[in-house]
Structure formats: structure tokens, C-alpha cells
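Labels for the chains are A, B and C, by order of writing; each one numbers its residues from 1.
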Amino acid sequence: MRNRVVLMVFAVLMAACGSGAGNASTSPSATPLSGTVSVFAAASLTDAFNALGTSFQGANSGVTMKFNFAGTPTLVTQIEQGAPADVFASADTTNMDKLKGDGFTSGISQVFARNKLEIVVAPGNPKGITGLADLAKAGLIYITEAPTVPAGKYALQALKTAGVTVTPKSLETDVKSVVSKIELGEADAGIVYTTDVTAAGSKVSGVPIPDADNVIATYPIVAVKATVNAVAANAFISYVLSAPGQAKLQSFGFLSAS
Amino acid sequence: MRREGVPIIVVVPAAIGAAFFIVPLVGLIVRSPWGDAVKALTAPETLEALKLSLIASLSATAVALLLGVPMAWVYARVAFPGRNLLRALTTLPMVLPPVVGGIALLLAFGRRGLLGAWLASTLGITFPFTTVGVVMAETFVAMPFLILTVEAGLRSMDRRYEEAARALGASRWSVFTRVTLPLIGPSLFAGSVLCWARALGEFGATITFAGNFPGVTQTMPLAVYLLLETNQEASFILSLVLLLISLIVLVGLRDRWLRFA
Amino acid sequence: MSLDASIRLTLGPLELDMAITVDEGEVVALLGPNGAGKTTLLRAVAGLVPFSSGYVRLDGKVLEDTATHEYVPTERRSIGFVFQDYLLFPHLNVLDNVAFGLRSRGVSRQDASRKAVYWLDRVGLKSYAGSKPAELSGGQRQRVALARALAPDPRLLLLDEPLAALDVTTRAEVRRDLKRHLDSFEGIRLVVTHDPLEAVALADRLVVMENGHLVQTGTAAEVTEHPRSQYVADLVGVNLLRGNADHGSVRLAGGQVVAAAGAELGEVFAVVHPRAVAIHRTHPEGSPRNVWSGRATNIELLGNRVRVRIDGEVPLVAEVTPAALKELNLVEGGEVWLSFKSTDVSVYPA
């Protein structure tokens, strides 16, 4: 008698779960997700993706999220050399195309966010930077990312568009290193994404770059071909692309995907 | 008389250990595109990075000798309270992760550092993003090797030779230059070479403290790291060059010079 | 002109308290057992060991004086020190070694070389000028060390066990050469040695040290005829007794009374040569006034004589012929009687 009651309750529950199967949301799918999902993401996605990962893990208790944040080209090298990744989120389409062209991706890549550049300076903007032209001021220490890093490439583009010539004092390996050096007071100004300025909070100040000179960075995401957890990998990608995921990304300062 | 072979309990781990070091080197040799080697090696950025690396590492070794030999002498000859602690502090960079070393240098000599702030505001001197900064970073991580080696040499030398020199009328400075230094020659040389090799390969402290810019602060290790992203094969070749330079130097260090027990 | 030193110091277990004077005209040997403090005294004179109180004066000039806190560093003293292990600088060749003292005092390279060659010639090693010390034999190294010490014309020559590191055959030959050089040296000479043969061969006067203190001093003849310590007595090979004399007899510390012909009054030493001690298996009849019982604890055959150590009321060493030993039918542990004549006891004030 008791067994039959348990079976009935179970069946009702299964039905309720099953009705949510086609939904690209954080509610559990028919078969609960499990395993680890290793996400290799551009450094500029650090805070946003950590938050996305927490929510995704919260809704899918069987899944463990692991993140590896670095300059996008570094991630491409690592994946091509055999590092175990399930998901790759790039800061530009060039690196994504390289990974695809070399045959390391599975399925199509989709743009999930966009970003804009911003000048990052010490809190309170003590040197009074108003725009890109001020970066060439004598005595100002300007640093940027290495040109192989998407942000570095975009920075050069923006400066060219604005007609400003300035030699950086250092070419860092990713946006976060640039922000650190501004925070530490070692450099006066750098070009990073608006999201990086937001993420650093009160430790830095930002000077916007007019849209006319600015570069829109597009961030595509894809499942890695050699993934060992395709189901969970794709589920995470779906989550990132879903309305709640997008909302979370925008709360960190990213522009919408389209 | 029976010749005994090497016991197997020694051979197996030793062979594994040797393989651990040899296989990566072989991998590098096998995977390097020898056809493009010349082009990669003579590219202006490569030559610039190589030149900077050599200048910076040799300068760092020179600084290490100037400051490190007196320190080694004090540690070996002068007993004072807190000597062990001081020695531990000055050899700390050997076990510290290089990036941590770089951060420590920033906090001390950076624009807002303990000493750096004063230097910047009073004398207008800054070290980050300069070649001097590179030399500082390399000296910081590499000098402990020289200090330890020279100290060991000083402790193991027969001090009675110094007495003999004094009895013959040599002043303290004369004793040091004409007797002590020649007698610790082998450990002085070995220490310098180890220091130079370590300075040449330094990455973490350099990029954190001095930054990365071709011709100014981009040493070979930094160039290789960045090349890894754009031109993988070129990075293999350069890695090989660095490896071979270090290997030649270390092989040249005859084993009798490493015997500083 | 002389060396005049009075030194008190403590170095580990050694407590040194010595005064010594060496005149220009004499070679003095500091003799004593190992651990007596001879080398320490020599090094203190050189300024290499700090002392707690005392002074060192050379030709009337103060080199060190704890009372006035004066101290002339070793390198500014006019000394030539020959170390026990020679300590020739291994990284320099023989010529540069000998020239070292001169170069240290500012002599030009040419002049120093010339003088070094002169001294190498004097010690007979001119052809070895370009060799490294490691290539030389022990005896050759000793000569280079001597040349090196003498080249700067020091006022005071200090030698620490100069022949100790040599094997027996080389030693005799080197000793002769060393004596020649010592005699021709015009300054003050002090030699440390633990070998009495060496001391007697090289020196005019002996200074005997034991446990950091002076035991006796005198010419070789004086010291050997009148030993004042067991150490010297052992070196010379005689029996030494000490006690209180009273007209013809000496009362030893243990109460035994020894008949001694020359004994008068006061604290005395009494020497009995082993050959004068006779051994008997039974109580001897007849004249000897000194008869004591004992046990033979050690019998040693030394060439054509036998030394028998006898323990008892008056422990002595007796010397007999091998034939006599056989006749006595004596083995170690055997009970014996010893006797000696009162006229065979040499007595002198303590």
C-alpha cells in the first residue's frame, strides 16, 4: 500500500518536471545535469561569468563549474595544446574563427554579449584625462594590452580612428593586469572594457570614449569539440544566451548580444 | 675484486628523474620547425629581446656580485644576533613565486611604494616600465643563488691561509683580494653562473614589476610567452635557444666547481 | 734587543700563564707535550690570539699591552711565521709565494721577484720557482715556507713545529739545513717543538712548558741533568722523585725515606738513573740502603737493554740487560725487590 503511494507521488513529480523539459531556463531538465563544466573565458568576463556560474550551479546541484580566465589568445593556445575545456567564450571573433578553423569547436558559435572600450584611470581622475587625445600628454604613463589580445587590438583601432599617436609603457597579457597596475598607481591610464571599469568599483575611475571612436567588441561562445560533458556544456551555453543570463551579463555592464 | 653495479633501487628513480628533464627538451627539439629557424631567430623583435635579455641578466649578475659577496662574507664570518633570520629573509626570493616577488617589489619601489614614492617625488626616479626595473626584478630573484654559493665557499675555505697572509704583512683588504677571493674562486664562479642563468629565465617578477615593452622591458622569456599566441612555432624555436644557452653554460660548469660542500 | 712577553689567556681548556724573553744571540726552543700551549703562545706573540692580560714587546717597542690598550695588528709587526702545515698559497706558484710578503709591503714586482729568487736560491730551490706548491715534496715545501718567511727581512722569526710534518728520513736532513738558516738569521728566533731531539739540535736554550705554565728553562745540558718535571724526566729517561731533604735522606710525599748521599736541607728533586736500579727476586743482602718491594708492571725490550717499570712504595724504572732478565726469570706481574745505592741518587734544590 505504501509503495503504491510513493510510486504515484513520484510519477506526478516526474510529469511536472517533464513539462519543463523544452525550457531554456535554470529549472532542472528531465535528466538532472551532472559532472564538471570547464569554461575557458576571456579575462574581461571574470566577474560576470563567476556570477553566471554560481547561479547555474545553484539550479543544477549536480554540476560543478570550473573557470579559467586569461587573455583570449592564451586560451586558444591552451585548448589547441590539449587543455581540457568544455566551453570557450572569446573576446573577439578573430580568435573564435581561429579555433573553429583549426577544428577544435563543436556546433555553431553564438554571440552572447558585446562590450565597449573605456579609459581607466586612478579614482577621482587626478590627471584630468578627458579623452583619447589626453593619453599622449607628456609625463603620462599609459599602458595597454598586447596587440594579440582582443582589447589591445581594439585599443589600437580606437586610437587610430581618433588620430592619436601614443606609445604605451607596457603591453600587458590581459585587461585585468592593466586594471591592477592602475589600481596600484603604477600607471596613470589604460584602455580596457567598460565592464572592467565597472568591476573594479571604487578603486578606479573611468573616462568614456565617444562612440564615433569606440570599437564594439563581440563575444561569441561555443562548445569545445573535445568536451567530455556535451550535455552540461550546451546547457550552460543555453543559460548564458537565455533572458536571465543576458540580464545578468548586462548587470555587469555588457551590451546586449544584438 | 668484484665490481658492484649500481643498485636497482637507485637506478630506477634516477632514470625516471632524468627522463623527466630530458623528454621535454627532446619534445622541443622534435617539434621545432627547423626550416623557419633562421627567420625566427633573426627577426628584429627576437634580436631585440635577446640583446635586452643578455644586457639585463649580465647587469643583474654584476649587481648581485657587488652586493652579494659582502653579504655572503658577513653571513660566513660575522656572528650577530638575528643573523639566521636575516639570511632567511634574503634567500626568501628563491622559494617565493616570482609574481609574488614582483608584487613585493612594486609595493617597495613602485610609484606608490614604500621607498619608490619618495624616490619619485623627490628625485623623479621611477623603476617600473624601465630596463633598470628589469635588472632589479632579475637581481631580486637571482642574487640569493650567488649569496648561498659564495657563503658556502667562504665557510669551507681554510681560514689559516688568511692568517698566513696577515703574518706576511698583508692588510685586511689585501688578504681579501689576494688570498680569500682567489681561494673561493670556484664557488664565486659557480654562484655567478647560477645567478646569471636564473636571471636570464626570469618571467613573473619582470612582467609584474617592469612590465612588457619591446626593446625596454621585453626580455626573451616574455617575448616567447607572447609569441606563443601569435606564432607558436617561432616560440618553440626561441624556447629552444634559451634552453640551449642555459644548457651550454651549465654543462660548462665542471662538477668540481659545484662541489661546495 | 730582544723579545719580551708575558701573557695570560684562556683558550678552551687551556689556561696559559707564561713569561718569556728571547735575546738576539740565542735560538730558543719552546718544548712541551701536546696541549701545553706552545703554539698558542707563539700565535699570541704574533698577535693572532687575543689574551686577557699581559704584553708583548719587541726591541723595546710595544706590540701589545693590555694595560695601556695598545695593539699593533699582526700585519704591521715585523715577524716571519713558519706554520706547522706551511700554508703555502695553493693558487700562487713558488716564486709568488716567496714574494708575497714583499709585495704586501709595497715592494715593486721586479724587486720582489729578485729578492724571492735570491731566497729560493739560498734554500736550494731556485729551479722550482714556477712550480705550484702541490707539486713539491714535504721537505721542499718546508724550505719554501722558510724562504717566504725570511724574504721580508723580519725582526722576529717564529717557527711552529717546523719539522713535524716530515717523515723521519727527510727530517734529519732538513734539520741540518734549518739549523744553518737559523744560525745565520740576524734577528730573534723562537721555535716551538714537541720533539726533544729537535729542540736540542736547533736551540741554544730550552723553555719547557706544561699545561700553559713554565716548568723550567736552561741549556740542553742544564735541563737534561736537572729535570724539574716528570715530562722532562721521561724525555731524558731518568727516574724523578721529589721530597724534603734532611742531611742524607729525602722524605717523599708518601712518607718513604730515600737515602741520598748529597741531600742537605729543603725541597729537592732526586734523580736515579734506571741503570743504577738493581732488581732482585728475593730481599737482597748487603750494602744498598735503598731497598723497596714492588711488582714489575711493564717489561720493554729496547734493542740491547730492557726497561722494567716497577710499581710499589717507590715506583721506579730499572734498566737491565736481556741476559740479566732471563736470569731473574721475571715476567710482567712478578714480585720483585729493587735496590739502589745512596750515592747513585742525584739531588738538587726544587
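Just so we're on the same page, a contact is a pair of C-beta atoms (placed from the backbone, for glycine too) under 8 Å apart; a residue touches a chain by one contact, two chains touch by 3 or more.
Keep in mind the model is a prediction, meaning the values are calculated, not measured.
Listed by label, the chains touching chain B and chain C alike form an empty list.
Taking each chain's centre as the mean of its C-alpha atoms, the one that lies farthest from the centre of chain C is A. Averaged Cα coordinates give chain B a centre that lies 55 Å from the centre of chain C. Annotation: 90 Å between the Cα-based centres of chain A and chain C. The distance from the centre of chain A to the centre of chain B, each centre being the mean of the chain's C-alpha atoms, comes to 38 Å.
Among all residues of chain B, none touch two or more other chains. Here chain B touches chain C in the complex through residues 158, 160-161, 163-172, 174-175, 178-179, 182-183, 185, going by the rule given at the top. Only residues 46, 48, 73-76, 79-81, 83, 85, 87, 89-91, 100-101, 104-105, 148-149, 152 of chain C touch chain B when the two sit together in their complex. Against chain A, the residues of chain B that register as touching in their complex are 106, 110-112, 128-129, 207, 210-213, 217-218, 225-226, 228-230, 232. Note for the complex: chain A touches chain B at residues 71, 73-74, 76-77, 141, 143, 146, 148, 168-173, 181, 184-187.
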